[in-house]
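Working notes for the structure below.
Just so it is clear, A, B, C and D label the chains in written order, and each chain counts residues from 1 on its own.
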């Protein structure tokens, strides 16, 4: 590199560039937060959905499953599971775990009450209605 | 060596690359949605885009005169030319703000459609570069005014000038691409 | 004593400035007339390419430097303009 | 070692390596659960093993970062550490808190742990990588602040070099962006949007400043190249990192409910993210080629060069592969992501930590380098770990491509579990590569205790 390219110049580019792009990021975030209500249908977030998310978190579901593609890749995507399987199947499935089939992946038994199961289903139903730009590519997730 | 500090050229090339990708992305996004782009383009204010082009080209010319002045060791004259260029930058920003204000009050946002996403992203991204360019020019002007440059030592002036010309160059492509060609 | 006569690049730059201004007016006229089609598209894009090349050669002063630097800017310009052209022409049946 | 107080780095490095072993052991458990699903069930379900695997990774990286800070800051600032005692106290607090957290994960069901630790007061748990109970999260903040306080004051009273400034900036950023882990809105979209402010702005933002500073420090020491040159490169690299990486966050916003324009911003800027990693590789090789001294620690040099290459491959190439929105539409949430995650994290962060430890540990033990035979052993461990990580990545990539093909393409897609059965072969191969990796890690540790052969190289 040339001698005219000084450390001070490189430092200025670093500070200038970081501030510039962070401001741009904040501006885009501001726009996103303004736009989100049209995409996430937050008017449908009932108390049941809120409780359902809490159950989702406290059972560490994301440690095996993905939701909207984020999480572990050990078990199926659940962002669209409501559309794939429907609420009754989901509840019956959770209640019947673990399958105990030898050598197969096992899901723990979480001993959820009927009310908790309903909450979890309403959370998954609300999640399946988020506008995700048509992801996943098909119903299998 | 190109005029100015080599570091600014790394920066300039990075900027050209980023804008270049955005321009090409615009063109291919349009190819997928020609009707929408052509229809939305009708609502842009071509006059304000054109005036802004004239403004930026003129300010670039002023910067050229500033470089010429410092090469003759005329610090004050150099500072005055840069001040004029910054003034033109201010006019650009004002016109752009009017244009953007009109769009925002019409309820247009990044999510209106793909065309407006590109229109707003490209013009605002460029707008921020104009501001950054003005900041750099202001620093150069202040130093020139206090006699910090001379005919022998004027890399700083050329550095600021190169960045400003790049901002101009990008607008020269942006204007026809987004406002005119359909 | 410093040499204080005017640098030789001012006159060509003034001419370039005037040329750029008139080319911009041309582009504006085409836009206001709402003209379209591939010939117009190529004309307007070609005008932009020439303008950018003028700014980089004369205003930035790259024509007085090594070929490498001019080459990078020109290469970028032709690549971007070329891809834009391909994208536009691909929509014309 | 030029300053007495640098010695506090030693327990940090030892703890880091210890936790690294734990991470790999749990990785092997998970890898085996991928092929024999009911392995260790219900004692250690997969989600618990994964939590331990990823959290140990974060914690050992933090230990190594702090150790690096305590080691290099006094040397850069040319003064003793502000408070070595505080550093030792914080070490024990962090170690105990970390160990208790892991025990908590393993001993009680996660829901019980959540109830016991006040998750009902402020719910922050159960989100990927941020599974830690509230007290642990608060503990991380306290330890991080005490650490920052300690090294910031050290820098303030001593020489202020660019390396220490960049390191401080990175570490302060680490602490600041961690605060977003306390924000957990009930709206999943907002939750995910700001969750990335911790996760992405860490690993593709401020952590890269730490990485750059650590690498620059080691390169100055082992090559003897002029500080001005190295620090200039450092600034250029981290400038490109933030210029591309901040807006590059957008590549996580394609499919989580955020507006469509993120597909454009995210694709364009993250497509440029490999540039700083490429520059880092060029930088490392360039500096080693221009070296002005022959440092006896050849192993540390190898690790430094390896960091450049592997971070470019893992973060740069494997990241670019699936970062464009039209490609990511199919690869999002598949084994492709896992492949990228493994090689990027190992190549960038695990390796820079090992570089630092490899350089600093002999110094901390009163010699400038280990004996030649010990170094040969260490270089074997380098190649075993690096090559097996390449294979892990390749097998996961193959599994990912097949998974996408069967599950997401075509008119008659397979279900998730049926697809998993089809890619089983690659999971077996990955587990074997993982075992080789573990052998490499054991050799690495052994190289510290290896006594046979000629004497260690004096300081």
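Convention: contacts are C-beta pairs under 8 Å (C-beta built on N, C-alpha and C of every residue); 3 or more make two chains touch, one makes a residue touch a chain.
Here the structure is a predicted model, which is why all the values come from computation and not from measurement.
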Comparing B-D against A-D, which pair counts more contacting C-beta pairs?
A-D
Distance between subunit A and subunit D based on Cα centroids, please, to the nearest Å.
23
Report, in whole Å, the distance between the mean C-alpha point of subunit C and the mean C-alpha point of subunit D.
47
Taking each chain's centre as its mean C-alpha position, how far apart are subunit A and subunit B in Å?
39
Subunit D, residues touching no fewer than two other chains:
236, 243, 259-261, 265
Out of subunit A, which residues touch more than one other chain, so two or more?
1, 5-6, 10, 13, 17, 20, 24, 28, 31, 35
Where subunit B touches two or more other chains simultaneously, the residues are 1, 7, 10, 17, 110-111
Contacting chain pairs, sorted by label, are A-B, A-D, B-C, B-D
Any idea which subunit B residues touch subunit D in the complex?
7, 10, 14, 17-18, 21-22, 25, 29, 110-111, 114, 117-118, 121
Residues of subunit A touching subunit D in the complex:
1, 5-7, 10-11, 13-14, 17-18, 20-22, 24-25, 28-29, 31-33, 35-36, 39-40, 42, 45, 49-50, 53-54, 56-64, 66-77, 98, 100-108, 110, 126-127, 130-133, 135-141
Complex interface listing, subunit A residues touching subunit B
1-2, 4-6, 9-10, 13, 16-17, 20, 23-24, 27-28, 31, 34-35, 38
If you look only at subunit B, which of its residues touch subunit C in the complex?
1-3, 9, 13, 16-17, 20, 23-24, 27-28, 30-31, 34, 38, 42, 46-47, 49-50, 53-54, 57-58, 60-61, 63-65, 67-68, 71-74, 151, 158, 161-162, 165-166, 168-169, 172-173, 175-177, 179-182
The answer for subunit B against subunit A in the complex is residues 1, 5-8, 10-11, 109-111, 124-125, 128, 132, 155
